[in-house]
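Attaching a single structure in structure tokens format; questions to follow.
All chains are identified by letter, namely A, B, C and D, in their written order; residue positions are counted from 1 within each chain.
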Amino acid sequence: MAKVLINGYGSIGKRVADAVSKQKDMEVIGVTKTKPDFEAKMAVDKGYKLYAAIPERKSLFEEKGVDIEGTIFDVIEDADIVVDCAPGGIGKENLENIYKKYNVKAILQGGEKAQYVEDNFNALWSYDRCYGKDYIRTVSCNTTGLCRTLYAINSATDIVKARVVLIRRGADPNDAKRGPINAIVPNPPTIPSHHGPDVCSVVPELEGKIITSAVIVPTTLMHMHSLMVETTGTTKDDIIDAIEKTPRIFTVSAEDGLNSTATIIEFARDLGRVRYDLNEIAIWKESINVVDNEVFLMQAVHQESDVIPENVDCIRAMLQMEDDNMKSIEMTNKAMGLMK
Amino acid sequence: MAKVLINGYGSIGKRVADAVSKQKDMEVIGVTKTKPDFEAKMAVDKGYKLYAAIPERKSLFEEKGVDIEGTIFDVIEDADIVVDCAPGGIGKENLENIYKKYNVKAILQGGEKAQYVEDNFNALWSYDRCYGKDYIRTVSCNTTGLCRTLYAINSATDIVKARVVLIRRGADPNDAKRGPINAIVPNPPTIPSHHGPDVCSVVPELEGKIITSAVIVPTTLMHMHSLMVETTGTTKDDIIDAIEKTPRIFTVSAEDGLNSTATIIEFARDLGRVRYDLNEIAIWKESINVVDNEVFLMQAVHQESDVIPENVDCIRAMLQMEDDNMKSIEMTNKAMGLMK
Amino acid sequence: MAKVLINGYGSIGKRVADAVSKQKDMEVIGVTKTKPDFEAKMAVDKGYKLYAAIPERKSLFEEKGVDIEGTIFDVIEDADIVVDCAPGGIGKENLENIYKKYNVKAILQGGEKAQYVEDNFNALWSYDRCYGKDYIRTVSCNTTGLCRTLYAINSATDIVKARVVLIRRGADPNDAKRGPINAIVPNPPTIPSHHGPDVCSVVPELEGKIITSAVIVPTTLMHMHSLMVETTGTTKDDIIDAIEKTPRIFTVSAEDGLNSTATIIEFARDLGRVRYDLNEIAIWKESINVVDNEVFLMQAVHQESDVIPENVDCIRAMLQMEDDNMKSIEMTNKAMGLMK
Amino acid sequence: MAKVLINGYGSIGKRVADAVSKQKDMEVIGVTKTKPDFEAKMAVDKGYKLYAAIPERKSLFEEKGVDIEGTIFDVIEDADIVVDCAPGGIGKENLENIYKKYNVKAILQGGEKAQYVEDNFNALWSYDRCYGKDYIRTVSCNTTGLCRTLYAINSATDIVKARVVLIRRGADPNDAKRGPINAIVPNPPTIPSHHGPDVCSVVPELEGKIITSAVIVPTTLMHMHSLMVETTGTTKDDIIDAIEKTPRIFTVSAEDGLNSTATIIEFARDLGRVRYDLNEIAIWKESINVVDNEVFLMQAVHQESDVIPENVDCIRAMLQMEDDNMKSIEMTNKAMGLMK
């Protein structure tokens, strides 16, 4: 049983904890929080051992009567690996100040920069490269979504040039502070955006072949991507077929009523998914088209959850628990109840 | 086993179906849909027997390859009771054209008018009145929320005058057609709004003692109510105590991070509630105050789900399955996994 | 003085009326409304002669005490041209049932289909083609925005292939009924969307060279376009230069604080523009880039107002009042107070 | 001519500058900015003399080529009065560190606390009290809206108890950073909110007679207030009459299409108001009702602009330019083009 510590029990951290708990070959030995809010209380109620991420804050938990086992430093040496799920930017500090010092393997999240780590993880593309490594980043929600779909396309044909426009959700659903309320924000206002290079951190062979632009819009549910991918030659049926064969992506049909990110989330709710997590990328069937060897499609990405199974696979790769990425993917998916 | 037919498997219908299925003393004998969309397919996948709500539409299902058992008229005579969950206004037509004709007991929802039925249901207030009756309406999400809280207040003191401002969600989360996107809409623009009289349809003793106004705002998650209730005398502690003793309402604390409807829904997601349903009314602890014998508080109402357990209790009352409302409430809550 | 009748005094109609009124060579002889709401009252207050668009509704105005001159049929024969600004789809009916019958020239708006008219208008591209014609459509807000920017690019180089993703506002700011409140809607869910062919209705030489996809997002202020235009060869400076020389488009800088559609509208408000109309297309300076001869840029389109000066120019072309499109553009711009 | 310096040329500052400029008896001798963004450039374009609010930042303006006259310290001694329009909290610091030191009269805005100043201003209620004073605060947008309407009610009858629920806009329209995107936020989560005491800072006779609660919702256009005001006795007609007689408040009718904050803003746009400012409070005619001597009504408050004429009147009072508040109001309104 691999012993996993979750540092930062927020949107990503709590999901990674639950996903790890469901695996047969790994267990959560602790989760950390910086403050004793409702999430901290629920972590304890769920049976997770709770530690203060910042030692000085330990007393805050005690004052509030939240059961705390100690600080991260009381548990870190027991961990085989830490999954860092602290807010963007802090992961890097934790890497330098804690993980390297304590000589513990660590996964950082997509809010960190690609160059801080040995390599960048996506289960389809870079499992082997990350095998046995010490410090790896699982790429962001957007990058994960792109990597999966480009993998499918790449499995059917050769990518000549990929152009992507990302329409990003403004804030996560639980965040009532961030906007915009009524605006479209080019973010970044420069083209290309950083999303292309981020894909290349996972798929170096796309260097010079992908260009992205991005805007932020007033919604909390999902990101949306519009992909235009020039290839050496393919057909619509080949692409649909490739999507069907690729794990963690699937098609939805607007005609069936799945005609917006809102109904896709309704679908996830109706599936009974906990927290309505849709770890898979949803591609609109109607949008898939091939014109002059160029693949077009639109996809919806559930930012809160698509990276979760990747973190699980990343643990397996880094701890050399399974050397076949497809087997790891299958184990993870099955334990988490994914479609494929 | 009471045989229950759900007519209209939409936002309310699918939840009533699932809640009924979980009860030991009742079963779903069928659900109806008007079109073969993803909800219809999922109903079949879940094991519900699907019928066309409108006979002429049956072929639509067949064309789409959705397994359908027949039309509502093939199943209605087997039902002990129909829970009508058709869109507002259609329930009344169904009552006149179908349920009365087939002589089957029926529950209408809050989108129908109070006067079309024999009485109006809330498990705390009018269970006994509805006992054994044939045509009953479970009141709307807003009215249900108000009835519960006013029950708590009433259990601690006497209500002299209740003033409520309702801040209503613009559309359900799966509805991408309805707005407003960026406006506050007085709806109705007249004061008093219809919500006060609707409460009185359940609690006639409040006639002349409750006045409401309402606006619609650009959010999908929950309604919010600001209550100001003059009483003959009470204290803050008494009110908190009464809330604790009343089923299906509970307090949340902004200090714990539950500081908006968004974090309350996050809480429901973290609880693992299917579809993140929060069937209970959440009252902000910080908002509860008593000044000059007047009770003040703010509450959040999950419009999609608060009426669901009421429908279950209403079935028990109408079919005379349990004569003690508190016992029915307890059975329903336990089967559905509610807090209290 | 050209006599102009505005049929449908709504979002577009009231702006066309004001813009026509400001021109030296044309006048508004009447505006029509279907109901006596605040817009109708304000039309009268502004001095426009008001007519009922639908004869049977005339009495509604009288009942409300709104001064009405008669019905459209009392004024249509005095008109040299009608600018039809009725809701999408109704313009076509008006064309067949009224304008053709009364033998009056007419402009339809972008909500109508391209094939119903003799040609499609954009002042930069098709002024000459529409010169002296009887039934012309000024293209939609999105198409107008694209036509202008593609004109600039085309003036600097040759377009090989244009790819555009349109991120559309969900509803106009005065419309509190339409959503989405919290969703991204692929609209249409198919690729290509109709926007490419619509551009080709104005610029036939782009046939086969433009492909578009579109989504709708929860905002009311502006549309946003992300353009990727392969060319035979150009530079960033050439493109900036071409934009500077093209009427009715200009650059804004995110660095100056104009970093979202919200601040661009703030800019228009600060400029003192009536109704904050930004008839010009705003292109983010930071977004302009040329990589491998492909032009990238993002632009914001004020849907309520960009087509207004086009309607004015279209009148001049159809009535053969000025044969040089650039002179008409200059006259219109000057009278309306546009930047360029 | 009173010499007025505007410290902080943001949402409020730029409007105060424009309003002061339109008055015959006062002039703007300068405006300050902290950074050389588009607002700074437009201030210069409009002919305002621009000064750096923070001396160290002066070079930023020079680097950007924005014409700057110097720093606030180069102009402050020429001012008869400073209108501080810095962000909430900074006004107090400016008062202590600058205005008192330079012995210049100053007006703070509603983002500051009531107790930092000699008195709190509303032109209807406290003009005389502020006459000739040195440091005064014009109260916030919400408080200003309440003061005006309560003045009207008070002029018709005696107020026994006022209950108000405020539904506040989440952010100003130009602010794309602040949310919420999809939530209702009780803010504060405690009842009473601070709005009641803030009204009492202007109208001390309401002490103990007003209680408020407030929520924030995802909209940028206007605040909305639901008022319930117990009186010693009045009628609906008396209240409508009092509203008609009170400056800077007026009624709108949902029936006319003015049925949301969105259409009220459309009305202001159609009126040709610069920046669509609706300095007057709009009360829904349909909402006005009197039941058991209690006045009910709903009103919409344009947060960006209702306090602007108050600032002008406050200048006149503090500089003893006019001793009759109603005359000052009339002068201000006329110069600004208000309805009444």
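One rule holds in what follows: a contact is a pair of C-beta atoms (placed from the backbone, for glycine too) under 8 Å apart; a residue touches a chain by one contact, two chains touch by 3 or more.
Source: prediction; values computed, not measured.
Asks: Name the chain whose C-alpha centroid is farthest from the C-alpha centroid of chain D.
Replies: Between chain D and the rest, the longest centre separation is with A.
Asks: When I count C-beta pairs in contact, which pair ends up with more: B-C or C-D?
Replies: By the number of C-beta pairs in contact, the winner is C-D.
Asks: Quick check: how many Å separate the C-alpha centres of chain A and chain C?
Replies: From the centre of chain A to the centre of chain C is 42 Å.
Asks: Report the inter-chain centroid distance for chain B and chain C in whole angstrom, where each centroid is the mean of the CA atoms.
Replies: 46
Asks: What whole-number Å value describes the gap between the mean CA coordinates of chain C and chain D?
Replies: 36
Asks: Would you please write down the residue numbers of chain D that are in contact with two or more other chains?
Replies: As it turns out, chain D has residues touching two or more other chains at 173, 175-176, 180-183, 185, 218-220, 259-260, 262-263.
Asks: So that we know how the chains sit together, what is the shape of their touch graph: line, ring, star, complete or other?
Replies: complete
Asks: Given the complex with chain B, which residues does chain A contribute to the contact?
Replies: 14, 37-39, 41-42, 173-176, 181-182, 220, 252, 256-260, 262-263, 265-267, 269-272, 274-276
Asks: Which residues of chain A touch chain D once you look at their complex with the stated criterion?
Replies: Residues 170-171, 173, 175-183, 185, 218-220.
Asks: For chain D, which residues count as touching chain B in their complex?
Replies: Listed in rising order, the residues are 163, 165, 167, 180, 182-186, 188-192, 211, 213, 215, 217-222, 224, 226, 228, 254, 259-263, 284, 286-289, 291, 294, 296-298, 300.
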